[in-house]
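Just below sit the structures, each encoded as structure tokens.
Consider the two complexes below, in which subunit A is the common component and subunit B and subunit C are the respective partners.
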Partner chain A sequence: MFFTLLKKELFVEFRSREVTLSMLVFGLSIILTFAFSSNVSPVIIANYAPGMFWIMVLFVAVIGVHRSFSYEKEFDAFSMLISAPIDRGFIFLSKWISGFIFLTIMEVLIIIPFFKFLMIDFPSQPWVAMGTTLLINCAIMAIASLVSGIAMRARLSEVLLPILLFPLVSPVIIAATKISGSIMAGDPYIFWQIWLLIVLTVIVIFGLVGYTLFDFITEE
Partner chain B sequence: MNTFLNNKTNRLWFILITAMMVFNVWNVIMNTPMVPEQHWAQKIFYVHVPSAWVGFLSYFVVMIAGIMYFIKKDDQWDDVGLAAAELGTVFMALVLITGPIWATPIWGQPWIWEPRLTTTLILFLIYIGYFMMRSFGGHVERVKRYAAALGIIAFVDVPIIFVSVKFWTPEIQSHPQVEMAQQPSGILTPFLLSLGIFTLMYVLMLKYRIHVIRINNRISADV
Partner chain C sequence: MLSVSNISKSFDRRTILKNVSFTLNEGETVVIMGKNGAGKSTLLRILARIMACDKGEIFFLNNDLLKGSPSVRRKLLYLGHAPAMYTTLSAIENLKLALTLRGTPMDISRIQDQLKYFGLSAQSDDPISIYSQGMLQRLKLAYAELADWDLLLIDEPFSGLDTEGIELVETALHRWKELGKSIIMVLHSLSRAEEFGDRILHIQNGLIE
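This part shows the complex of A and B:
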């Protein structure tokens, strides 16, 4: 059942490309803003590049996750979805994994413009950077999908989503910035091991909490 | 109209706790020793730490009320959750006010991203969102479920936030109260007394807020 739901999410997106396209364009606009606000000064950029990258990802994730849940409101599709005889935890899992896939696709497309526009050197350990980025995406989307599930059917959902999400996701953003900063600086694994553990903890805890709570949150 | 203080037990506790709190303030000002480097600034810790304890206790109650609301499907647990969230936020605000008051003379500036204060600030912001959800969320029954879920998520996030903020700024010193148990009895005894009185006051305040919320709900239902 989980795979059917995931397939539905991916089909809807690959037909419309609404989520990934809006994430990509918004991400590019943020890069442009960062470039203008920092005058593309190598000193400023080198210090703040990891933070800038993850702030961009967070903003883009909000857009993506909001769109991913809000199209379910059209024709009251979400009510039909939750009235189906399925484990509602799977709805959370499918939103989480599909959100993770869309966010990763967006990053793959945007990573070169990010480094080139801001004139930053690529990290010396690209595979490590990619692996950790995937884990961080997973952690961000676990929290974002759960919070979006809560905010989606509330009034003013577009306002409530970032207000609730940003403080909750702050440990992941701190960890993400530290990990990326360490990798860019070429620090050994032992220096950023603790941050990776924090990211993994978020994935496990919010994955379990989201799976368990989603059934109650979506009750009618 | 059945007011809270019409109840004999409530009235008795109210008088008792008020007297204890007056004694506590007098005791902190008059009887506790001056810490040489901190002078009067240190006395704020007899309010600051108990406020933080009560604030976190209150958010723990919000989580328990949220879990019970989902299990029992009883609106009474939503009342408990809302009352505890309100009180927790009031005490957290007190922590965020008293912390910088202490820090200004001791650290030379009101805010230096100390891990516990930062965790408190993040939690405070989450609960501002919680109240916005309660106020602007729309559908009443759904909002109760969302609030219960948010109370659980917020408390689950607390240790992760604390650990991440602690490692984020390892160079920043912690409060001197880390080794509270090793403080001389002249400080420890009044501190524990203050902690106990704040906890009793919290229990009474929680009872009162639940009472008021239920009256409000009854009036809303009648209208």
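This part shows the complex of A and C:
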């Protein structure tokens, strides 16, 4: 049933392209703003680049996850899912994994403009950078999917989503910045392993909490 | 078949349902009536487990609907005001998805046959966002015909329909009754309630009278 739900998420997005398109436009706008508004040396930019990147990813993730849940409200489509005789935890998993896929696609599309426009060198360990980025995406979307599920049924969901999400996701963004900064600087794994453990812990905790609680939080 | 005991629901300290209790026998059609905002749709959404109740118990086919596993809902179908389908998908895609989620995947040819019967074959590949209210009602009826259910919860099935659509609903309701299916239906028209209902429940001030 999980694959049916995941296929639905991907198919609905393939039809409308609303989530990825809005994420991409926002991400590119932020890169251009960073590139043309700052006039400092590439060394300073390189120091701040990981933080800038992950803050951009956070905002892009919020846009994506909000859109992903708001189309469930149109024509009360979410009722089809939650009244069906399925484990509602699978709805959370499908939202989480599809959000992860959309966020990763968006990053693939904006990573080259990000490095080129900000004139930063590519990391010397690209596979490590890619692997950690995928894990961080997974952690961000686990929190975002759970919080969006909670906020969706609230009256002021647009306001509630960032209020609940930003404090919860802050440790992941800090860890992501530290990990990316260390990889860019060529630091050995021992220097940033604690931050990676934080990211892994978030994935496990929010993955389990989301799967378990989605049965209750989806009801009006 | 269905036993509802002491269901209560409040919104913003305003009580909508107060200790609502009733039973439904197999093959019975119960019509729920009441003024706007009386809690008729709320009761249906609680029975479909789309909305949580503050307290109470619901047993469906001798299983606890509120605390039981998702499979308890397998023979229960809810058709609310809204179509509960995805606007960007076509009628065929929506029905295929809904039926797969209910554990009864179906051939496209069978889905197309039902859409043809309900006069939607010409638009079956169009996204349902362009459908009129009447077409969406017909789509819901096609879904009810295809789905495997023992208890149908249906909210105002006649709203937004033209004469031909009303006849289709009437025919479907008569057929389901003949097949011995159980239905809980929200209606506003007393004449229709008397025609289709074996029993009429009036909700007033949160209580069933």
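Going forward, the second predicted complex is superposed on the first by the 214 of 220 C-alpha atoms of A that agree within 3 Å, B and C clash if a C-alpha of one lies under 4 Å from a C-alpha of the other, contacts with A are read in each partner's own complex, and residues count from 1 in each chain.
The rule is simple: a residue touches a chain if its C-beta (ideal position, glycine included) is under 8 Å from a C-beta of that chain, and two chains touch if they have at least 3 such contacts.
Quantities reported herein were computed from a predicted structural model and do not represent experimental measurements.
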Original post:
Regarding the shared-chain residue A:Asp76, is it in contact with subunit B (first), subunit C (second), both, or neither?
Top reply: second
Original post:
Looking at the overlay, does A:Ala142 come into contact with subunit B only (first), subunit C only (second), both, or neither?
Top reply: neither
**OP:** Could you say whether A:Trp195 touches subunit B, subunit C, both of them, or neither, answering first, second, both or neither?
**Re:** first
Original post:
In the superposed arrangement, does A:Glu219 touch subunit B (first), subunit C (second), both or neither?
Top reply: both
**OP:** Considering only the touch criterion stated at the top, classify A:Ile174 as touching first (subunit B), second (subunit C), both, or neither.
**Re:** first
Original post:
Counting only touches as set out at the top, which of subunit B and subunit C does A:Ala84 meet: first, second, both, neither?
Top reply: second
**OP:** Could you look at A:Leu156 and tell me whether it touches subunit B, subunit C, both or neither (first, second, both, neither)?
**Re:** first
**OP:** Overlap the subunit B and subunit C contact sets on subunit A and report the shared residues.
**Re:** 216, 219
Original post:
If you look only at subunit C, which of its residues touch subunit A in the complex?
Top reply: 45, 48-52, 70-74, 76, 78, 80-89, 93-94, 97-98, 100-103, 127-129, 136
**OP:** Could you please specify the touching residues of subunit B with respect to subunit A in the complex?
**Re:** 70, 122-123, 125-126, 128-130, 132-133, 136-139, 142-143, 145-146, 148-150, 152-154, 156-157, 160-161, 163-165, 167-168
Subject >> Residues on subunit A engaged by subunit B in the complex (per definition of touch) >> reply: 146-147, 150-151, 153-156, 159-160, 163-164, 166-168, 170-171, 174-175, 178, 194-195, 198, 201-202, 205-206, 209, 213, 216-217, 219
Subject >> Residue ranges of subunit A touching subunit C (in the complex, touch as defined) >> reply: 1, 4-5, 8, 11-12, 15-16, 71, 74-88, 216, 219-220
